[in-house]
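Presented sequentially are two complexes of chain A, the first with chain B as partner and the second with chain C.
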Partner chain A sequence: MSADKRLYLGVPVERPKAAFFDFTSCEGCQLQMLNNEATLLDFLSLLDIVNFREAMSERSDDYEIAFVEGSISRADEVERLKKIRAQAKILVAVGSCACFGGVNQLKNRFGDLDWVKREVYGSNPVDSTEVRPVSAFVTVDLKIYGCPVKKEEVEVIVTNLVLGKSIVHPSYPVCMECKANHNICLFDLGEPCLGPITRAGCDSWCPSNRMGCWGCRGPAEVANVEQLREIMLKHGFSEEEMIDRLECFGGFSTYLSELK
Partner chain B sequence: MIFRVFDKDQLQRLYDVLAVNHIVGPVCKGVNQNSAPLYDFDFVKTFSELKLDYSSTIHSLKRFVLPPRETLCTFELGDDNWRKRLDFNVHEPIVFFGLHACDINGLNKLDKVLNSVVYPDPYYVAKRKNMFIIGVNCSPQPFCFCRSMGSDSALHGFDMFFTSLGDEYFVEILSATAFEYISAIKSREPNERDHARFKEASEEKINNFTCHVDTTDLTKILDLEFQAEVWKTWGERCLSCGTCASVCPTCYCYGIHENVNLDLQGAEKIKQLYSCNLIDFAQVAGGHNFRPESHVRLKYRYYHKHRGFVEAFEESLCVGCGRCGESCLAGITVPEVIASVRGLER
Partner chain C sequence: MKISCDIKVDHLTRVEGHGNIRIKIRNGRVEQARWDVVETPRFFEAMLVGKKWNNAPWICARICGICSIGHTLASIRAIENGFGIKPSEQTSVLRLLLKHMETLQSHLLHLYFLAAPDFLNVGSVMPLIESHPEVVKRAARLKQLANDACDVIGGRRLHPTRTVVGGFTMLPEKSQLSSLKKRMQAAVPDLTATVELFQTFTLPDFERETEFVSLKGDERYPFIGGGLISTDQVEMEEHDYLKMTNEFVVDHSTSKWSRLSRQSFAVGALARLNNNFSFLHPEAREVAEGFSLAPVNNNPFMNNIAQLVECVHVVMDSISLIDNLLDREWTEVRQPVCPRAGLGVGALEVPRGILYHAYEFDNAGRIIKADCVIPTSQNNANIHYDIFELAQQSASRGKSDGEIQHLAEMLVRAYDPCISCSVH
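Up next is the complex of A and B:
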């Protein structure tokens, strides 16, 4: 990684020291960060990465930006997260797990977590608590949505972060991007979809591949869940099928309590 | 106007002559749950793909004149200078083969806003100038209300227009280029019988409309009913997803943003079509949102189509293609909304 300062319109641009951390997750979002060889060197040139377990062996705790992947599911994770927060000027929650709890929070729907522990770990019990998003314990300055995050979007966000430009997430749902991609509506093809209520930014990744949206990016700024419930029923999908999707990534937890 | 008649078996010959250009037309994209074909406009690769007897298309052909996302220009950033590169994103002419009257009228309406004005939109105009348009007559679908909007017949905005008369096409020719192309196939002068058949076909189409919108005094009624409760009922259903505007042949609202390239050596200015139903459509610098409520945004969409545009251009911006209602998952359709505002519950 070159230490040369980049120029933007003749003005030197600081390369902020950045660190990547993982909590309870598949670490797939971090993999996405490294996933685009064509732009990887430019991406790495924007940041002075001092800690990134998936990408390098050196480690330093001197950083300004912390990219945090994963949800919090153990007491020791809370302590580690608080230390990261104390060090970082900017804490970025990366992916559905960090933003909403992600797939991991599905276990929360079982009332008896001790039973869950016994089922999963049997006679080898581990410390495991209710799964919470990062924001349940520390202040999050910026969220990057998605399961996994979309590399192209991460690149735009990181560029704007480094240049000090404002970062704007799409307020609208996936339908806008799905229509821009000239797709046939999945409801017409007999597939349920959370696209009408889920925040865009993924470029309708799943619907463009004929798979209905599962809401990994959480609710759009208007999420008419009640109307979508009627639409699901009208198209022959049960309320349970819809709730399964709404529960999957944890982004719709506030809406679920209204539905149930 | 010049009229000719030609045998339908000449159609492939005409297609082949035109196929030195890119051809865009109605093609089948799949079938829905009820096994009904789903059509859309796309590049046609072989004659057999072209489905001139299509019912309607899911999307309008707007993406060929107003793409959902378009790079307006790019910048090269040097240390002490920068250079802007402009591209209207038109690389070759396109033949549009098989547009219904509603879509031709949709383009004519867009022209009034984006072309015949003091400051035309050069990206749009460049694309419009490179279009060769063949219209084709249609059978009204249950959701079509173009006749109510005065868009069921195209008077201009095409090079040629086909009306099916059994085994033959009756063709209206509006441009010299179109005349040359028709000269490449076997055609004949229409006779008295053809005139009669054309009038019959026209009459039959009119009789097949089942969907209507009463536009009498609509601009005034919309003003009178500005505070009507019925808007709130529709607003509760609205998903604020922007699908109606995305499939609409005449919605042209957009936003512009700039992205700096990852290597900081360049940037691009991107235009993105937007919808007045989206939550932040009327949000301004400083964060104030003039239309935070769904029903207000929905109402203003109707006001623009059926009131504002009528006052400015003496015609509605809506062509009555019915695509918005067909693609709205919440089932919000123009005929029902307008009937409810008029106080005529259906």
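Up next is the complex of A and C:
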């Protein structure tokens, strides 16, 4: 690539070499990357993908953008992650697992990791640590939220990344999108919802399907948990139901420790 | 005769999750041939402890990105069985339709993106975009149909939003179902072309007798619920699942192993087909016959073809399921749920084999103990012994290191293992 190409965070804008890596995850976010068949080929043409274990046999360690899926839950994962960080100019955390620990961090709530291991593997020793997000170990340049990530949003973000445009996440909550979609509020239908405090960007994916939001994208810029608690109580939902949702994906962990 | 070789494949590509292959041959004898699962475990069964029932389907979907619908439905079934809820026929038909579309998208992903590159001698689907654009476009078209159908019925193709205990949060429009039906009918030529593509591939000639285990068809090919059957004549009720799964932990693998009548058994498309051939849609059966695939087939590479046969089956069956749905008056979408203490077991055939979810509840419907038994853990032992036999046969035929490695990789891929799922 010629040196006079426009640079963004040090990366040439034309078809940057990109690699996908997975850690502790369901691999659903990677699948989402391949899941929009209508635009898949256009999307793939944006990037020169040099490493994507789930999809290809070739592997190369020469890449500029690293997309990282999954949370970190074993010592060898930390080492692998640090190597990726050392190579990549831009490291993108993809999905709730990478951004917050995701559902995997639910096991942390027991405190007693030995019990967790015994519950599943009996007396056999298994190597596993507390579940942490990627940012607990390395600098993350960009986060793509969601469990799963929304492909349309990924496409916009990646296009902007490649073109050197800035990337701004919505600061407002899911409720804004939900209202724009003319949904009946789920609270009025007798369902709990974290829409009032969760960062938008998913186009109110769950409420539009009459499933209350579980907060997979983490807190909006302003997240008034106290107010949410009042709404929950007013509609007859217990503290337990609210906490189930707040702790599901790890995005609200700081708020939870305040609550408890 | 092969004298010696050392084959090490770390983090095998084009499979879901992380696994390693090791083959060591000395003086023409296979000293070691192993399939090791090294995926990081996630402890879903522990995560669920203390949680109310309604968390389980939502959390369990995240066991696996490929079969999230299967996990959601298995979790829902376990809860419904535990609480004594019987889904309405309308709900059952919609769930089966949703399930079929997941089977279709999962099989297509495996056949086109993970398996086909081996037969076309490329490392991935990427070079095929240039060399075989019509193949890639056809794969994308078919996959999109399956995924769009999952969006329409389940709310979302991955980690569905509409599937809940008691039914659905909301239903698709009838017009959406009719347009899906039209698209399915229009997809038949693409399916035929897929069958023709696979007819040009030469599957490795390899057999190892084993036990094939699946759910037992009862009027129709098995997908949701029911007892178990095996080619060694074992039969068991759904709630007796523990006798069958019989999981044990081996030290070189983070995924548990299972055995039934012999040292290992196989689950998945080939097992379903070996046990339930007569329930296949006539057109699917015809495809099977075109590949000389008839029960009991002992070639694990034929699992690819069994998946292909099932693709045809689920599309044909979905067309009649949609007819059934369009012909009826639609009723309530969601039954009330009354939690009660006890055990609930839910069995499903997911793309890779039998999946069990089992939960023990207290009076308030909180989970005291959870158990999820995943197809790939059931297959791991069988894959392991297959690799040994394959190495043995290849060694005696004097195959090169490269050929043996390639065959071993293809063998593991043929099972379409879902490793991250199996170490949930």
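Throughout what follows, the second predicted complex is superposed on the first by the 246 of 260 C-alpha atoms of A that agree within 3 Å, B and C clash if a C-alpha of one lies under 4 Å from a C-alpha of the other, contacts with A are read in each partner's own complex, and residues count from 1 in each chain.
Quick note on the criterion: a contact is a pair of C-beta atoms (placed from the backbone, for glycine too) under 8 Å apart; a residue touches a chain by one contact, two chains touch by 3 or more.
Fair warning: this is a prediction, and the values are worked out from it, not measured in the lab.
Novice: Considering only touches as defined above, state whether A:90 meets chain B (first), chain C (second), both or neither.
Specialist: A:90 sits against neither chain B nor chain C.
Novice: Does chain B (first) or chain C (second) touch A:240, or do both, or does neither?
Specialist: In the superposition, A:240 touches chain C alone.
Novice: Contact-wise, after the overlay, does A:256 reach chain B, chain C, both or neither (first, second, both, neither)?
Specialist: neither
Novice: Which partner does A:49 contact after superposing on A: first (chain B), second (chain C), both, neither?
Specialist: Touch status of A:49: second partner only.
Novice: Of the two partner chains, chain B (first) and chain C (second), which one does A:136 touch, if any: first, second, both, or neither?
Specialist: neither
Novice: Considering only the touch criterion stated at the top, classify A:165 as touching first (chain B), second (chain C), both, or neither.
Specialist: First partner only, chain B.
Novice: Counting residues of chain A in contact, which comes out ahead: chain B or chain C?
Specialist: C
Novice: A:248 in the overlay: touching chain B, chain C, both, or neither? Say first, second, both or neither.
Specialist: second
Novice: Can you list the residues of chain A that meet both chain B and chain C?
Specialist: No residue of chain A touches both chain B and chain C.
Novice: Can you list the residues on chain A that touch chain C in the complex?
Specialist: It comes out as residues 23-32, 34-35, 37-38, 40-41, 44, 49, 52-59, 73-74, 77, 102-104, 106-107, 110, 115-117, 119-122, 124, 126, 128, 147-148, 205-206, 209-211, 214, 240-241, 244, 248.
Novice: For chain B, which residues count as touching chain A in their complex?
Specialist: 29-30, 32-33, 38, 40, 42, 58-59, 63, 68-69, 77-80, 82, 236-243, 246-247, 257, 259-264, 273, 275, 278-280, 294, 327, 329-330
Novice: Spell out the part of chain C that touches chain A in their complex, as residue ranges.
Specialist: Touch residues, chain C against chain A: 11, 13-17, 40-43, 45-47, 49, 51-52, 55, 58-59, 62-66, 68, 109, 113-114, 117, 123-126, 129, 136, 140-141, 143-144, 147, 155-159, 161-162, 164, 169-170, 249, 251, 254, 420-421.
Novice: Per the contact definition, I'd like the list of chain A residues that touch chain B in the complex.
Specialist: For this pair, the touching residues of chain A are 6-10, 13, 39, 42-43, 45-46, 155-156, 159-160, 163, 165, 168, 171-173, 175-176, 179-180, 182, 184-185, 187-190, 195-197, 220-222, 224, 227-228, 230-231.
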